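The structures considered in this document are given below.
First subunit A sits with subunit B, and in the next complex the same chain sits with subunit C.
== the complex of A and B ==
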């Protein structure tokens, strides 16, 4: 059995001319909480839909829990719980009726889990779904996903509409009930602070491309932001470099390792290194996806990656 | 499970439909019994078969067919296609079942409702007639529901399919009504100007109900088979569509 719960190989989803997902190669280990981060329209939801067979890949492929991607892949759906971004369920049905409807599809369904999470999330079980607040709708969707006892949970913006108490409870469930139970969780979100609390690994996607995939601990301990000023700063990416962006005589480099050696190399070239600082998830995310005027990005596949410049 | 969900979401409309069916069937049958039709005395034994024939022709052939058509269009446009419009298709299609399951179970739930409604209208009509005339043709009561169910299932299937195509209840219903108008008017025009008979679903429901009501029995087995195949063709086409659909 593969150690990866999700593996995609150059997955592409195109809508006419627009590439929503562009050669995405994702690696989500089993029994991990993986934060799938990106801005609105970055391609997160399209990716998740392809993983579940709700959308057909234009190119590329992959596996989920060892099963190949494809529409109506029942083997994947049997083992995967999904909370969609929209959180739309049947408006006339109460949460109790939605449980009744959903229960029969899953052999490992747990009524104990329903009772437990209904109590801890304080869900009004007998009110029609259409009459629930956004937060309570989200809670019902989470309840239905958690009670499936699935091997893999794919949660698209799972905390939308939740109040801080509910968010806290949800994060507790993720860490204590799911991760400790050996289940894999893929969470798509742009709530960076929340992700920093629960995720072990993160993948950052922008314009359909995966810009970064790393362990959060590695990011905190090894990743560094270097800001330098000088006339002939290198603009091309090296193997250690996550991104490079330039603005006037200033350049910002995000390095995954060997930051001190890189900074020393810049100084030897006559550049002034103004800052070498550790990065949090928020900082690295902003560095990767922020678009500024006159700023060039060194991300793989970006046009500016081919800017001719001196290499260290 | 999905069958239950379809029923649960639709039950109030369905019960309202049944009450309307029964009330209208009762009302029109009473009119027929009381007026007796031309040269028919409902109190005379010799006139009873004619009374049955005329009532069946009028109440089931005309009113029953029309009401079934309306109900079939409404029901078909409020089924699987609406899931795409409301956004619940994403939830539904991420449940572990093959996609044909959703199509055929959803369709079957509607057809069952059509069948129950057909039995109610036939039962109300012929039951009232039997009670007044004192004469019961049990097999006619049961058999008269068949063409209405088959015809209703075909019209329901049309709306079911077009709502999935349009992914919109309103558009699916509009397309279905448009096609039904063409389907009713075109055979009449072809018959009128070129004297060529083109089969029509309304004609099938009307004639079949009439022939059963008059005691001549189900005629044109080919028509029954043909319209049954038409009724089955729509969910099949829907399945092909949904198998390729993205939620």
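== the complex of A and C ==
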């Protein structure tokens, strides 16, 4: 049994000239909660569809739970619970009827789980799906996914429309019921504050490419924001930097590693380093995707000053 | 033990948990030999990844502050940090350096900086006494 629940190898999805997914190599270990993050149109949903066999890769491949990914892979589908971004189920059926319809497909279906989560999420079980609010529709989708007792859950915006109480219950379920049971969860979400609590690993995708894949703890202990004041601060972006922006005598640097050494270097040059602070996931994400947008070849981004200074 | 974490603060969650547990132990609110909630309980209550809670507990155990028995329960170590004096000093030095740097950058007098540390130590002792008194 491989230790990776999901592994892709230079996965590509192209629509004519446009590469929605561009040589993506994802690594999701078993029993991990993995946050799959990216802007709108970055390629998240296209990637998830390929994992589930709902779309055919243009190039590259991968495995899900050890099985090669591709269309009609029943072995993957019966072990993987999926909540799609669009919370669409048969509109005329009630949640109770949807349960009855769905349970036959999944060998490990748990009626106890249905009862438990219907209660803890306070799901209206006897109203037609189409008549439910978005939040309640999301809850029904989650219910059907959780009751499958799947080894792998792929959740696309699983908190869509959920009220804060339901979000809290969902997070409790993630950490208490899923993670503790050793199930793997891949979550694609824009709710970075929520992801920050529960995700162990994150993968950031932008323009179809994987910008970053690492343990969240490591990212947080390496990435630093450095603000400095001085006359001759360097403006050039080094390999360690995510971004640099200057305003008069002040400079703001976001480093992905070696922050202390960089700050020490600045101090040695006589600059005043006013701040070396850690960054939350939201700030890291914004710095990462913003910069990658303005740089096409990894050169100094458009926002930096034109003055060139010796790089430390 | 009431833990509270801020997931967006930039400080890794496992570190926040560690620091709070250390504070509880240092102030006497958690006594040597006292049992801690399980990793699973902590993770569920805080709504954080169990591996995060596990990492905090593991680090504290490595540092000699906690002890896990076969069977799984975790306790505050009887003799917290059975470390060599030199190792304790080595561990504390980065914090001392930080205080020295910060204080100097703020143009505080060295004596004022030392006083500050003294006040914090006294506050901890007072906290310890209060808890000791309330337990009688």
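Just so it is clear, the second predicted complex is superposed on the first by the 242 of 312 C-alpha atoms of A that agree within 3 Å, B and C clash if a C-alpha of one lies under 4 Å from a C-alpha of the other, contacts with A are read in each partner's own complex, and residues count from 1 in each chain.
As a working rule, a residue touches a chain if its C-beta (ideal position, glycine included) is under 8 Å from a C-beta of that chain, and two chains touch if they have at least 3 such contacts.
Please read these numbers as outputs of a predicted model, since none were measured by experiment.
K.L.:
Is this a clash or a fit when subunit B and subunit C both end up on subunit A?
P.N.:
When both complexes are placed onto subunit A, subunit B and subunit C end up side by side without any clash.
K.L.:
Between subunit B (first) and subunit C (second), which, if any, makes contact with A:164: first, second, both or neither?
P.N.:
Neither: A:164 stays clear of subunit B and subunit C.
K.L.:
Return first, second, both or neither, reflecting whether A:74 touches subunit B, subunit C, both chains, or no partner chain.
P.N.:
A:74 sits against subunit B, while subunit C stays out of touch.
K.L.:
Between subunit B and subunit C, whom does A:220 touch in the aligned arrangement: first, second, both, or neither?
P.N.:
In the superposed model, A:220 contacts subunit C only, not subunit B.
K.L.:
In the overlaid three-chain picture, which partner chain does A:279 touch, first (subunit B) or second (subunit C), both, or neither?
P.N.:
Once the two structures are laid over each other on A, A:279 reaches subunit C alone.
K.L.:
Touch check for A:197: first (subunit B), second (subunit C), both, or neither?
P.N.:
Only subunit C is touched by A:197; subunit B is not.
K.L.:
I'd like to know which partner A:104 touches here: subunit B for first, subunit C for second, both or neither.
P.N.:
first
K.L.:
Return first, second, both or neither, reflecting whether A:248 touches subunit B, subunit C, both chains, or no partner chain.
P.N.:
Neither partner.
K.L.:
Nearest approach of subunit B to subunit C by C-alpha atoms in the superposition, in Å, rounded to an integer.
P.N.:
The answer for the closest subunit B-subunit C C-alpha pair is 28 Å.
K.L.:
Mind pulling up the subunit C residues that touch subunit A in the complex?
P.N.:
5, 7-15, 40, 43-44, 46-52, 55, 105
K.L.:
Quick check on the complex: what are the subunit A residues that touch subunit B?
P.N.:
49, 52-56, 71-72, 74, 77-78, 80, 82, 84, 86, 88-93, 97, 100-102, 104-106
K.L.:
Of all residues in subunit B, which touch subunit A in the complex?
P.N.:
1-2, 4-5, 8-9, 86-88, 90-91, 93-99, 243-244, 246-247
K.L.:
For a test of understanding, state which residues of subunit A touch subunit C in their complex under the given definition.
P.N.:
Result: residues 33, 168, 171-172, 174-176, 179-180, 192-193, 196-200, 216-217, 220-221, 272, 277-283 of subunit A touch subunit C.
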